[in-house]
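Two complexes follow with chain A in common, the first pairing it with chain B and the second with chain C.
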Partner chain A sequence: MTKNNNRAYFFIAPFVIVFLSFNIYPILLTFYYSLTNYTGMGGIDNADFIGLDNYRRLTQDDFFFQAFFNTLKIWGANFAIQIAIAMGLALLFSDLRLKLRGLNTFRALFFLPNIITIASVALLFSILLDWNYGSLNQMLLNLGLISRPINWLNNPVYAQGWVALIGAWMWFGNTFIILMAGISGIPKDFYEAAFIDGANWWDSFTKITLPQLKPILLYVFITSIIGGLQMFDLPLLLTDGRGAPRGALNTMVIYLYNQGFSYANFGYSATIAYGLFIITIIFSVITFKTIYRSQVKVKNGGKK
Partner chain B sequence: MKNSWKLATLLCGAVLLTACGSDDNGDTAETGDTDSDSGEVDLVINSFTEELQYPIDVFEERHGVNIDLQIIPGENYVDTLRPALESGSGAPDIFTAEIIYLLDWVEQDYWADLGEFGVEDWSTDYPEYAWELGRDQEGTMKALTWQVTPGGIFYRRSIAKEVFGTDDPDAMAEQFSTMEGLMEAGEQLKQAGYRLFPDEESVSGSPFTMGSNPQPWVDEDENLTMTDERMSYFDYAKELRDNEYTALAPVWSPAWYASFNEPITYNAGWDEMEEDSDGMTEVFGVSLPSWGLPHVLKIDATETAGDWAVTSGPSSYFGGGTWIGVYEGSENKDLAFEFIQMLVNDEEFLTEWVEETGDVLSYTPVMDKISEGYEDEYLGGQNHYDYFLAEAENIDASNVTRYDQRLDQMFGSAVGAYVEGDLSKEEALDSFYAEVQNAYPQINVNQD
Partner chain C sequence: MKNLKIARGVIYFFLVLLVIICFIPFYMMIVNATRSNSEILRGFSLVPSSYLMENYATLDSYISIWVGFRNSLVIALAVTILNSYFSALTAFALVVYQFRGKNVIFVTFIIMMMVPGQLGLIGLYDLASTFGMLDTYWPLIIPAIAAPFTVFFFRQYLITSMPMSILESGRMDGAGETYMFHRLVVPILSPAIATMGIFTFIGSWNNFLFPLVIIRSPRLYTLPIMIRQLQGSPVAQNLGAIYLGIAISVVPIMIAFMFLSKYIISSISAGAVKG
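Coming up: the complex of A and B.
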């Protein structure tokens, strides 16, 4: 009856085969690794099957929890700074009354930090932030703002702050472009009508821009948190690669990497990967639930 | 319906095929390198430096063969090469390893047993530590090294003369033979307006953390060894910082390099910067392994050429080192071994090479000949070959464990947190133990 439809399977076959062999197979293999004490050397056949021991360890692993909260903290600060700058700039450039020129130039300029390789960024900032010879401390000293150099990368709070700030610096241009696109999609009539009705800047921002921008903001939020949970290269390269100072820059993926590749605990590293996987799922579910709920609300409101 | 089942079977089949396919690849590559069959490449060598290019050129000329040197940058080397060695697919004929993971690799089936080629007969011609580190726990010889990398304290003769009244390496070695002596020298230098070292890594990065009592970090029963000397290192590190014996220029930083040539700004000019006040200081010396002389000092400290000397610190140590061996599954083992033989055991070639690079080689017959009556102008006429070869004999390979690099780093961080005043000594020690236990659950850290 539906004979013709079956042909479609041939067309999706290449994707499915690639997906199964390069995505699903490794995922399942990783799960198998997570049940062993494989060291990453000497072949998986020589590793012992240890059941759920690794998972038991993960639930009691203070280092993992620390890494989890570090990741959230750094990502949260980074997202707040980034969205604040991007939103501010987007509002400035889209303001009907200001009519700023040179949007294209600025858009390119803001995006520039994003195209520098992260290794260079890390090197650059580790030199800038150096305790005794860094330009930043030299500048602050010369301006008389501080009397002793601050050991930026040796203080957990400062170090996390800097990673958040550098991340925000690298990504605000990207967010700005997305927000600009979103804002220019809002009909100008809304603002004109509001203006005529006597709405001030704040009203039109909270009553028009924000609600209209909601889907875009959610998109920014989701992509950012997915990227944020996988934060790795910048904190790795900025200090000693093990999360110095005192574990403050130890993110979940750095922890996974070190357990697997530095300490040769491949099995446990696979378990951490699954822990990360579950955390990502939880965050995704929460986010999707939020979207779904907001849609329901609108529908109900419409009915009434 | 029927058709979709067929398709499903087809898909499963396809997946199985790809899975088997990859296995097949593994098998074929283990038995034969496809490259060597099709092209004219006779040997593939993987390494992380270009150092081997020169011996390869010589070998190619001598034997009329074609060698492909594939360089994988150091930071990716392990992660790139290890999967190839594990699976046997795409593995080279010869590959090198750094000391950091050498001891892990010799225990695997990556390198062929060099004993088959009779290398054991050579053992007396090499410093013991360099030879023994290439051996696995069962005694099989897996990898050899062509250089030795003992470390020492390089110092400026003019400053030594001014402050200590002598620039004689033996007298200085006497002064530096204990941590107390080193600190005392720091104080004397500071009084005279100099700094002992540019960086704190000159003390902490090298195994002076072990004081004059080197012990392996982890013994045969996987117990962590915390010696009194290591514990007292907490205090020395604090003394070093609190008394400002170093210029706090991070190792490899621009200021660090500058300190070899000229006075550098100390501490960004901060501090209640007392009398001497222009905030500049000259640095007395630096700890570097043997390769630091040709590759760091002679290149970057040209203005002070002739003013340097090298001597020993509180303990003998070595820094870095590259080992090389034949891949277990190589099809061309004999040729591969011939290359290694030339690299580590060929008098004619090694004499050429040492003259070319100035490295300290592991093959003592050549080194003995070279060092006889040798005087290095850069070191004010000192014979550093003699020094390094003697130092190499003092290093005990049984103190080296596969954990060293990581444990040194972790211990360094713990000491650092104490020095900064962030943690008390007990807290720092606890955090070190916790970190070790977490990274290596198999180690017993329980300190009675």
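Coming up: the complex of A and C.
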């Protein structure tokens, strides 16, 4: 039984006060600044209202579009590698005939890179990948796999590839744990029944595992893309912090940060933040719609 | 049966290979932290050398990495405590009482979970600047009091694991509401507090963008900001020292993880299945 009690207001007051002043108010203030040419100096009185000019500029800003596509490309490659490895591992460890041991140990080892500070990871790779004295080139030269050092971070494709690879390295363990939890929730008799009906491995995978895992896969997808759109620390610290080589590592949040805090375009930086917000909403809505549609389909099918 | 054995052997081989690939960057970091600059320039090695102390002296002469450590720890602890306590209090109020505006709060939560943290960055910076809080920890710590995601998580937990009868009998015994929150609700919530606490702590420890914007004075730098300073500093001339700096920021987290890994992994599994 719940109780009417004015004490409730007393209990939620700290949350509400801080939420309004440190969460909602900054978001609204950012929106106001996105309509101004504020430089970040002198407060709200020094901001000239310029209407939607910043938004018009954003829709024609090649750098913003480049940043958007860079972010999407790097996230896409990272997600593909990450989900492929994680799914492969989850299938191996859940295989009833293989009965692999050491799940807990492997899970922990694969997960570890995930909790390391990204700033440290980025700086570490920026020196490991250095073409002159980086350990990677030295090792590849020693092994005779390359004959000349490769300038990894000076080539846009290589640089984006490395960000995707490092991202996948940091996240595949996390995805593996989630998929593993999902797969172990699928009733074993589904597989036994399929086996009796003569289904092979591929049939079980596509007809049982994937459909049963759908909600989990969508959860992995949505959390990964929302995080991916906010990619910042890794590409910033891997090269010069302005998106080198040739703008290939310029992500939306790096662009937002540099416009605001390197070039003193506070107003425009605020607009980029709202651009990022709108893009996040679009991606979330598309994903949620897919979930909703699949749920309706299942309901109509009369299954659970 | 024999085929199965071979298959198992091949799979274990690739699993161990994957572990090695995962750890080679960290291994190179640790080895290079013990080598001198000229050794590193000369070539690659998997054998540690003997320059650890020299590298530490070089690093220490430019950057007080332990100060960064302490600063990150202070912020992360304050954030975790405030986040846990006030989220528990808010979730308690949302579950136990009826009051006007409850639904508004709830809908706001759902919306806020989709909002990227960077959306309020410019506004928060300006707010901090207006109230003279730039270059202090306040803008990094105070927002922890209002964490919609943690409140949401605690609320779901309380709904499933707190019997209302406990509160009823507490009230009959004349216990105050605040007393019951501290003595009855917090212990019931403690597994959820531990779960969210670990993730909140890691999140704050790794936070980069907000401290980068808010903090100016080197003596207030957090560890990630200090790591960034390493990049352009004179330390960068000595690769061994820079590897050591990175290692110092990484190794303690690895050690902490060894003790907490079981807990962290089961939390991720549980969160995903429920979510």
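What we mean here is this: the second predicted complex is superposed on the first by the 284 of 304 C-alpha atoms of A that agree within 3 Å, B and C clash if a C-alpha of one lies under 4 Å from a C-alpha of the other, contacts with A are read in each partner's own complex, and residues count from 1 in each chain.
Assume contacts are C-beta pairs under 8 Å (C-beta built on N, C-alpha and C of every residue); 3 or more make two chains touch, one makes a residue touch a chain.
All of these numbers come straight from a predicted model, not from anything done at the bench.
Under the clash rule set out above, the superposition-derived model of chain A with chain B and chain C contains a clash between the two partners.
In the superposed model, A:A270 lies in contact with chain C only, and not with chain B.
By the document's definition of touching, of the two partners only chain C reaches A:L98; chain B does not.
When both complexes are overlaid on chain A, the residue A:D61 reaches chain B alone and has no touch with chain C. In the superposition on chain A, the chain among chain B and chain C reaching more residues of chain A is C.
In the superposed pair of complexes, A:Y25 makes contact with chain B and with chain C alike. Contact with both chain B and chain C is seen for A:G43 once the two complexes are overlaid on the shared chain. Contact with both chain B and chain C is seen for A:F261 once the two complexes are overlaid on the shared chain. Looking at the shared chain after the overlay, A:Y9 reaches both chain B and chain C.
Of the two partner chains, chain C is the only one that A:I118 touches; chain B does not reach it. Listed for chain B are the stretches 76-84, 166-174 or 184-192, of which 76-84 clashes with chain C, judged after superposition on chain A. Residues common to the contacts of chain A with chain B and with chain C across the two structures: 3, 6, 9, 16, 21, 25, 40, 43, 127, 133, 138, 141, 261. Here chain B touches chain A in the complex through residues 3-4, 7, 10-11, 14-15, 18-19, 78-79, 82, 86, 104-105, 107-109, 248-250, 253-255, 265, 267-271, 406, 409-410, 413, 416-417, 420, 422-423, 431, 434-435, 438-441, going by the rule given at the top.
Those residues of chain A that touch chain C in the shared complex are 1-9, 11-12, 14-16, 18-19, 21-23, 25-30, 33, 40, 43-44, 85, 89, 92, 97-98, 100, 102, 104, 106-113, 115-120, 123-128, 133, 135, 138-139, 141-142, 169, 174, 177-178, 180-182, 185, 216, 219-220, 226, 229-230, 232-233, 237, 253, 256-257, 260-261, 266, 269-270, 273-274, 276-277, 280-281, 284. Across the complex, chain B is touched by residues 3, 6, 9-10, 13, 16-17, 20-21, 25, 40-43, 61-63, 127, 130-134, 137-138, 141, 147-149, 151, 154, 240, 242, 244-246, 258-259, 261-265 of chain A. Contact residues on chain C toward chain A in their complex (touch as defined above): 4, 7-8, 11-12, 15, 18-19, 22-23, 25, 28-29, 32, 40-41, 43-44, 86-87, 89-90, 92-99, 105, 108, 112, 114-127, 129-130, 139, 142-143, 145-146, 148, 151, 164, 168, 177-178, 181, 202, 205-206, 208-209, 212-213, 223-225, 227-228, 230-231, 239, 242-243, 246, 249-250, 253-254, 257, 261-262, 264-265, 268-270, 272-273, 275.
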